[in-house]
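Labels run A, B, C and D following the written order; every chain starts at residue 1.
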Amino acid sequence: MAGTTLGVGLIGYAFMGAAHSQAWRSAGHFFDLPLTARMTAICGRDRAATEAAAVKLGWESAETDWRALIARDDIQLVDICSTGDTHAEIAVAALAAGKHVLCEKPLANTVAEAERMVAAARAARVHGVRSMVGFNYRRVPAIALARRLVAEGRLGRIRHVRAQYLQDWIIDPQFPLVWRLQAERAGSGALGDIGAHIVDATQFIVGDTLAGVTGLTETFVKERPLVGSPSRTGPVTVDDAALFIGRFTGGALGSFEATRFAGGRKNSIRIEVNGSLGSLAFDFEAMNELHLFDGTAGPETGGFTRILVTEPEHPYLRAWWPAGHLLGYEHSFTHEIADLLTHLANGTDPEPSFEDGLQVQQVLAAVAESAAAGSHWRELPAATRNAA
Amino acid sequence: MAGTTLGVGLIGYAFMGAAHSQAWRSAGHFFDLPLTARMTAICGRDRAATEAAAVKLGWESAETDWRALIARDDIQLVDICSTGDTHAEIAVAALAAGKHVLCEKPLANTVAEAERMVAAARAARVHGVRSMVGFNYRRVPAIALARRLVAEGRLGRIRHVRAQYLQDWIIDPQFPLVWRLQAERAGSGALGDIGAHIVDATQFIVGDTLAGVTGLTETFVKERPLVGSPSRTGPVTVDDAALFIGRFTGGALGSFEATRFAGGRKNSIRIEVNGSLGSLAFDFEAMNELHLFDGTAGPETGGFTRILVTEPEHPYLRAWWPAGHLLGYEHSFTHEIADLLTHLANGTDPEPSFEDGLQVQQVLAAVAESAAAGSHWRELPAATRNAA
Amino acid sequence: MAGTTLGVGLIGYAFMGAAHSQAWRSAGHFFDLPLTARMTAICGRDRAATEAAAVKLGWESAETDWRALIARDDIQLVDICSTGDTHAEIAVAALAAGKHVLCEKPLANTVAEAERMVAAARAARVHGVRSMVGFNYRRVPAIALARRLVAEGRLGRIRHVRAQYLQDWIIDPQFPLVWRLQAERAGSGALGDIGAHIVDATQFIVGDTLAGVTGLTETFVKERPLVGSPSRTGPVTVDDAALFIGRFTGGALGSFEATRFAGGRKNSIRIEVNGSLGSLAFDFEAMNELHLFDGTAGPETGGFTRILVTEPEHPYLRAWWPAGHLLGYEHSFTHEIADLLTHLANGTDPEPSFEDGLQVQQVLAAVAESAAAGSHWRELPAATRNAA
Amino acid sequence: MAGTTLGVGLIGYAFMGAAHSQAWRSAGHFFDLPLTARMTAICGRDRAATEAAAVKLGWESAETDWRALIARDDIQLVDICSTGDTHAEIAVAALAAGKHVLCEKPLANTVAEAERMVAAARAARVHGVRSMVGFNYRRVPAIALARRLVAEGRLGRIRHVRAQYLQDWIIDPQFPLVWRLQAERAGSGALGDIGAHIVDATQFIVGDTLAGVTGLTETFVKERPLVGSPSRTGPVTVDDAALFIGRFTGGALGSFEATRFAGGRKNSIRIEVNGSLGSLAFDFEAMNELHLFDGTAGPETGGFTRILVTEPEHPYLRAWWPAGHLLGYEHSFTHEIADLLTHLANGTDPEPSFEDGLQVQQVLAAVAESAAAGSHWRELPAATRNAA
């Protein structure tokens, strides 16, 4: 890293692009960072829209070709927020060009793509070029606290992990056939889009990886109106919902569910972990809370303690407001950027790595394969697990 | 039924025996019943203990041989609350003797036993002899209301069922090897003891049955101190936890988990159902509440409504207190007895039937077989499902 | 007390009569009591209705004149569940006749009546005749646990008490002018009916009494249809809602509210106590829970712990079901009867005493006087407080 | 307003200064605003600290004299985030200089100061110079939605308002004597600091003002260590807690409590409103939720609906993330700035006005006077109420 300024180029200006932009704009105003990010350029395919996004989101310039973005000398980091089918090509090229890469999750649409990205990341790493995959929920303070408590042994030996990611935005059968419902663009449906988050978040919290799974997927609404031509329909080629159960390497049992058909659940990520000494429970709909059961307390006053994760002693919180003043969704990205910039300045590898992203991809692939083959058990290769 | 009094004989005086006794004592004081139960005799193996239980629990006499109990002319109904391995023999004999039978769940320890019991129940039914299996949670008012709302179509087409029955009473590895941890007595562990309840309750609520499952079981603590000889240990021969996922006949996906290793969860039965028009959520730790999401309400004021199920309009509630005055666990049994007595007086078959009990047993068996065979998919025979 | 059986006579068979009956029927089946209650007679004004109630509620005989009931030799305890305007006369006569008295709350409709009752109770007490006022919420296990924790010093010095008793059953202006809305029968409205409960419960929990108050009352709907003549209306002569703030003798501040106009709150008793070392929170709509904040825990894992008050270590719970199996409203009465019978057998005075009832009455009177006189401060006499 | 850029000068760089800075930086990136704020200068007394704050918080320059700030031609709006005792002088001067003013709450430390500020605001208003007081909680989306629902008549006639603002940051008697605990700097304690917020928020929600109050205040810890000289102590000259009850002009009853001694409550603002047709409940510890009881729904499925206030149909939400992605504390300020800039561009007066701030101050003064005079009733002048 030459100097203390980092030129950043962002690819994509939709939901994730906006979230990342707020994080790039804000991180330095709350965290004392050794490196200052410069929001050099944003990239999209449509010039007018991209230029408007640059103004709106605070980027200095606009590009319409990601190759041009990567080629710019004033950019040292590429932040990939485009659709999943583009991740591998862009990331590999950026890393080859010596640019650090932050890539949104899922790392790729296939294991093969993810493997190519890992290879590129490893090759780049020897030259000090860093890479990170954007599982932002790791940086929700309550989830970071959960990991800390597990790592400290507060839960003892982990026995159970259960996680659900519930949404409802496509319940209406008239909701159109957007790109997220097309396998060639999105890779998978609920499985990859939101299932990926709970696979990563739970593995992160318990510090262990899945050893095998058996799964079930379903597409409830098989045809939907075409975007722009609502009188015609086309086939939905991804899953609406995915369920799976599995075993962690350390012996814990896991139960997972990702769906876009849970009416009334908008973005509900529910995670519960039970260990021999205690338990943890989290729901993103109350994202500033972590519920801790300390099994070593006696029965008279034992129970789940609702920790309002807004104390200076909690992860990331010292940078923000006094206790009791809540954070929101976007702060997870601000924390991600702050951590990333710190690693870049320190010359260390940020987490989650591309290897972590690949490992999640392998879990998702195993679930999909199990579901496609009659819900039979799929062992995950030990090598992968060790790598992660 | 001759006259309006029913002589009842209860077998077993432990937890379930005490709960049933309170129900037999109380039902007529709250519900206007066409038939009066007489608490004629209680049966146990130890004479002194059984006679003490008779006094304590309000039974007129004590028996130490269940065959003698069945033989008594002043008993027209046998209530079986003994361990699962005794159910089949007692129930078959009682039905053959022309006694109505209420049998605690699970109906039996094996499918074969349950099939014999169904055969006996069918044979007896033609003579007006009734039988019922004691899935008491169906009579928790919030669960009965849930079923009503689903039956009325308020949820539309059911897409998801998720259910967890979480306990923690054997987390301590020093907890002794009680009969519930021995396969020959209990049949299975968490699967049959508490998993049975959520299989029945969810099928009851959605009015559908499971068509296939794949499962996973685990015994976390494989050796435990012997009861009475804590310096020696013996093998735990049942599951500590069971997870499974499956499909319902009508196309819904189901996720189930039963465990005795969820620290801090004492008797937490959590059920959530998502349909095309709405959702329901229940937790037995707040058993007087049902949470309903009405998807037809607009987004401005939509959300889960916390129904305090204490209104006269709610199932069973007209018999009790003014709105806002909660009921407890034992009331589910009182409702069970009230319904049973009403069916006996009316000459109709109470639910859940032994066939229902058998069908649950078949689900449990399929889960156990799947778990034993590498978590592969097990289809449930259509005939069974039709029967249920 | 001659022998180990106690003949009980109950006056009133409406809501409270039914609740007490269930308690008299049940207490001995769950608690090991040194004294057996015999449900000797129930008393009401209408013969047919009273006889029907005797059958329905489990009483051996029926009386239509409370004086006759008191005169019976086979009755040693009179349980007064009639309207508040009758309490003083019946209780004084019963005590004079040497009968123990359990009197529903509020002890009386006026301070003067309550003072007469206290005088009678004191006179009787020297002869071993016991008296108790029925503030049943003290025997909700979570409230009894709250008191225990405060008494043990777990909260340190008490700073704040806030309590609300919220109902909504007369929001509809067409709801008729029942006796509870008439001052001559009911004494007061929300203030005496439900405000009395939170005054007693909070004083019980913190072990302190109010030293002064200032209050506000309101009758939102001033005319209502007459019962039986809905085309005519009459004046509501009691308060619909009462609010007051005050100071406890020990320096804590108190905030109280009782209303029948809180839409959606059916029987919501919310109590929160803050001390120098911790806090407690309770809501009767989740009556099996107590929330405890332990201020001595560090900030990292501090917070309110949701205690599910169903453990054997909790007050009254050893008599009931395994942990996690909830109790309901009526159990508070069962506990009341169990405690009462134990005191009678032991020859000790049960609590709350008539003096406690008088002290609550004095608080209510001070609130009413303050409200009537422009919401000015009313000091409570120290003597009263000391007596309590 | 010349052109579409507004030069802003901020006074103060502590908690409120940081919160406002984030809002000034962010508003234009999420809302389509007709006016662009330029963060021209920040002002503090210490040059080095102020210059550091300018860099950290994103201001172009630093000033150490607020008079100099006001005098700058490139500043058209002054944002006052300094201590309460400075508000009046700065605001009056700024308005006289033709600068728009955003002033943090409470508007002033005394009614007299607030009246001077209102006079200045009125004089300035005729010249198109705008003023606003920073009751940011009005712009928490759930609170804005609450107001909308009340204004639409969804709750019918308002009967009850109850509000609590609970904190615990000075429970420890060793917490030092900071400026907020000194009357000459802070005016009052919990009453003005946090009580002001719930007075404003509830009046805002119900669209009505308090007509009279009676109050109670207490200073639990009367001496505290001096800042910087912990071995010496000084007197706490403000209230630790303030309770009051009152009547609204429209007939509703109100109950209020503000305290810094509620252990475990960090920034808990709880508001509940009951009307003839429905109720609302809010808790800032779950700030993205609003609970609505619709009394017109039948009892079978009636109850409080938990609205997750993250839908595009909700106030301010269209600017942010998809449904289910929560906002935090700081967003209330971003909304405040967005609304303010819109009003400035449109030439309309933003709310809450200085008159609103004065009216809140009058309520606080009445509470303080009541508390000082034995908790007697204080009527609020009708003129004030009309003005508000």
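Just so it is clear, a residue touches a chain if its C-beta (ideal position, glycine included) is under 8 Å from a C-beta of that chain, and two chains touch if they have at least 3 such contacts.
Please read all numbers here as calculations on a predicted model, not as lab measurements.
The most distant chain from chain C is A, comparing centres defined as mean Cα coordinates. Fitting chain A to chain D on CA positions gives a rotation angle of 180°, reported to the nearest 5. At the interface between chain C and chain D, two copies of one sequence, more than half of the residue numbers in use are shared by both copies.
Centre-to-centre separation between chain A and chain D, using Cα means, comes to 36 Å.
Each chain gets one centre point, the mean of its Cα atoms, and the points for chain A and chain B are 41 Å apart. Rounded to a whole number, the gap between the C-alpha centres of chain A and chain C is 54 angstrom.
Within chain D, the positions touching two or more other chains are listed as 265, 302-304, 308, 323.
Chain B meets chain A in the complex at residues 159-160, 162, 164, 168, 171, 212, 214-216, 218, 220, 241, 243-247, 251, 253, 255, 257, 259, 261-265, 272, 274-279, 293, 295, 302-304, 374-377.
Within the complex, the chain A residues that touch chain D are 15, 19, 21-22, 25-26, 29, 56-58, 167, 169, 265-268, 284-288, 308, 310, 321-331. Across the interface of their complex, chain D is touched by residues 145, 149, 292, 294, 298-308, 311-314, 323 of chain B.
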